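To keep things simple, chains are lettered A, B, C and D as they appear, and every chain counts its residues starting from 1.
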């Protein structure tokens, strides 16, 4: 475990949260069609268990999680599967295999949807398995399957569960809205997660710019009277809500480079995930919906919407009054780390906490950026929450110097984008580092492949040699045998 | 004591062998592409310079002068340096194979480093005693190593710089070395007062 | 200058030369060229396609040739500019462009066997330097994509030209993303 | 509806290099006013030559490389080089030497290495050092400041400035109006075995903070530097380290022998101290890049400047101190990489 951190870096950014957060959460009715990406944002796909033409009930499993990094996908509505094809999606690489379901209008509910009678009676292992079946995944933005994280936390002996209610990125306020309206769900989910992860205590972390959420959660905790469940108020500094930075802020320990939070004795979950777990436990409902912030200058009435997973983003935006002005970029996530999407027809995924419709008012600074050479001013280094030297990394990235990239820690970059934000030369540093990591990965794959090829070539050569020796030996023995009987006669002829 | 200290400062900084006297430029330019190699070169040169300073003093004082063969000193010193370098290589091999692997081909290269011959001849010219010779040799070696390491780190930075095509490689290295020499002129006159 | 001085000078110089020469001779006899470590490090930088485009039978023989000075560092098209630069850095030489006489760099590729046309002659099996083709006589063959180096050495032996080279599949794109929410 | 895509982050603060550069120029204003008030309008003449030459050299270098010169001319970085050089050279320097120094600074100090952001040495100091070693007499001839000899008028200084600027022989008409700087007079006095109190007791270099004239310029530069620090253009590490590296040894030496060693107050407010600490050493391109590295870098500059001032052959050592530490920067950077989150120190 690393010592108490000396990383106060980060930056206070314009929050842009006021507009969306004031109005109550909109409950969006089920759409007529959902587009379910089998990769729900974690980078790994679930295996479909249905075929085109199948009828499914609400809550029925449509794709199974075979890979530990994938999560199961369920039909949020009853209907017919009309397509299963690769489409644009809000995932890495921009495309994923998607299952498209046309709603039949009936509210037939699948038999598997049954409340968990008493979560406290289940063993942690059972809890984890049931959550896996229910497709519980992190709602904070990475979409990583919760059960996998809980299981590894228990294996590594984590002692603290941190519930992330920091929500540090500009624009996003769905967790704030959730905590205000359903703090009891968050607290109940926290208890279940704490049991499943096998940790001693649980800390709910909220940034100090959310007084209403803090008040609601405080009240919910008081009602519960559990000493091992506490609230930590942390300063509102971006990116305090990033997993590692949050753990450092709350627990005072650092996650070792290249390791897991559990290596530092901590496991981190989002408050929205906790609320979803509570929903699953009380209603038996698998992960079928989430709250998402729909905001930006390009939306008429910004707000928070609870919508079914797979709802096309156009429907979400329509629920918030539709587009306004001249929308330029459609971003899944916040303005610092969000992914710009090519189309509003992609479906909502579990990892999507925000739909940000931007106009020139919001992103003009980036669009008008003129890149100049780096002047080594070091502003990037002074804000970097990972303690890196982006100005040195940039040189290494431009020179493709892999050793230097590794030494300077390009892999310790958490992709928060703050270096870009402050750079006076307006260099797209975060993207350069993404490419550098990519090239590093490729180079390492090449090196591994070369090493394997070298080994196989050595074996190949040895095998050929053995074959040649064996052949030679066979040839010799045949010749010798041919020679022996005629030793007197044939030998003379030679 | 003060005099030895001034001698050391003079040989390493004020009259830096590379940047003020322009001796030993061949390895300075040649072995300054990679930091690890330069570090090895700096160490080996420091060792050889110190050793040669002592031995050349002995050769001069106890062989050449008694025999009245002062005019043979250049030839004799060159032979001596070649021998010492080879001896160093053998010794390093015997005592520390690791260091030997680190230094690699750079050990023999020291033979062609004219700073070594320069130190031997300057020791004679300035009539240094044994201790003075050793200090002079060691600090000349330290000054050479310092200049070499600083230059190598600079060149590694220049490798990733957007240098105009016409200046890439050796030209910009020479310009840099020139500016380094300019900077070292700041030490001129140091200790003269 | 009298004759004595000249004689003494010559004698002393000769004595020094003989003494040091003897020492050097002794040293030279003791020093065995330690090239194997260098060969290993050069070999580690080569792409191990074993394609033979450098006119050496595989990557290691080429590494031996570079180490001994018999071949320059510009003969490896599959490694491309990256490999030349890495070799130049290792050997502390100036990087140079690839020699086009040994071929031009291509993007990464792997062999693919059109199984409908393969007659199962098994002639490509021994040609593959890394045993990446599986199959048996009179059964169709398949290339193990993960192990194929794209060396093209399986093309000439195939009597029905059913092997072609296709772009290599991309490396897994997975990267960690922060959960900054 | 379809949208364009672009990589994150989608928003930036909108800081720009030109903003940084023009703030630096603005912060030089107080020092400039003090300079003109005390030494006459020579600075303005030098500034105009330096700026014109610098812009021309920058444009020529970029044209020669086949690049667009407009953004580089507008970013103000070359003007900062020109200003720093003009502030460093004596205001009486003939115009062609100023032009030569500026051209060398921009071409040899900056564009040989690839232009903005690539130069390992501070361009202004490259130009200054070349001029100093090549034209030592011209480079150490300053007007006697107004507040030291109250008998002369500013208009006389103006005539003197123009005479110097056009390269007239100053010895004929202006003898007595020019002289060495305070630091220079003190060092030559010390060479003649005078003690410090004796030298300071003589009128021409007396003053509350040691040397008048320059003390005012240093105070004004300090004000500009504090402004830059307040605007977060310059962070505290380098200026504090430079002053520490200069003042700590001078404090000790002065304590040991106040007869010959200048005290910290005089060191701080004479010569180019404040200009160097806040404006020259802080050039980020040629400075060390991590916070810890910047402390080493600054302390090195201060210490070397003190050594050269005390024992060296030049009256003020900051130009060489900056260049010497510039060349050590890659070395410093190598050993001062900060600890990365989650890694052992």
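Simple rule for what comes next: a residue touches a chain if its C-beta (ideal position, glycine included) is under 8 Å from a C-beta of that chain, and two chains touch if they have at least 3 such contacts.
A quick note: this is a predicted structure, and the numbers were derived from the prediction, not measured.
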In contact with chain A as well as chain C, sorted by label, we have B
Approximate Å spacing (C-alpha centroids) for the pair chain A, chain B: 57
Chain B to chain C, mean C-alpha position gap in Å, rounds to 37
What's the distance between the Cα centroids of chain B and chain D, rounded to whole Å? 34
Whole-Å distance, C-alpha centre of chain C to that of chain D, is 53
List, in ascending order, every residue of chain B touching at least 2 other chains. 157, 162
Could you list which residues of chain A touch at least two other chains? 333, 336-337, 373, 415, 434
Do you know which chain C residues sit against two or more other chains? none
Under the stated touch criterion, can you name all the chain pairs that qualify? A-B, A-C, A-D, B-C, B-D
In the complex, chain A touches chain D at residues 2, 5-7, 94, 170, 244, 248, 254-259, 314, 323, 327-331, 333, 335-344, 358, 362-363, 365-366, 369-370, 372-379, 381-382, 385-389, 391-392, 407-409, 412, 415, 417, 420-426, 428, 430-431, 434
Contact residues on chain C for chain A in the complex? 43, 46-50, 58-60, 82, 126, 128-132, 146-147, 149, 171-181
Which residues, counting only chain A, touch chain C once they are in their complex? 43-44, 92-93, 138, 140-142, 144, 164, 166-169, 172, 175, 238-239, 241-243, 268, 270, 333-334, 336-337, 353, 400, 414-416, 434, 437-438, 441-442, 445-446, 449-454, 456-457, 459-461, 463-464
Sort out for me which residues of chain B touch chain A in the complex. 157, 159-160, 162
Listed in rising order, the residues of chain D that touch chain A in the complex are 1-17, 19-20, 71, 75, 77, 115-118, 235, 284-285, 287, 289-291, 294, 333, 337-344
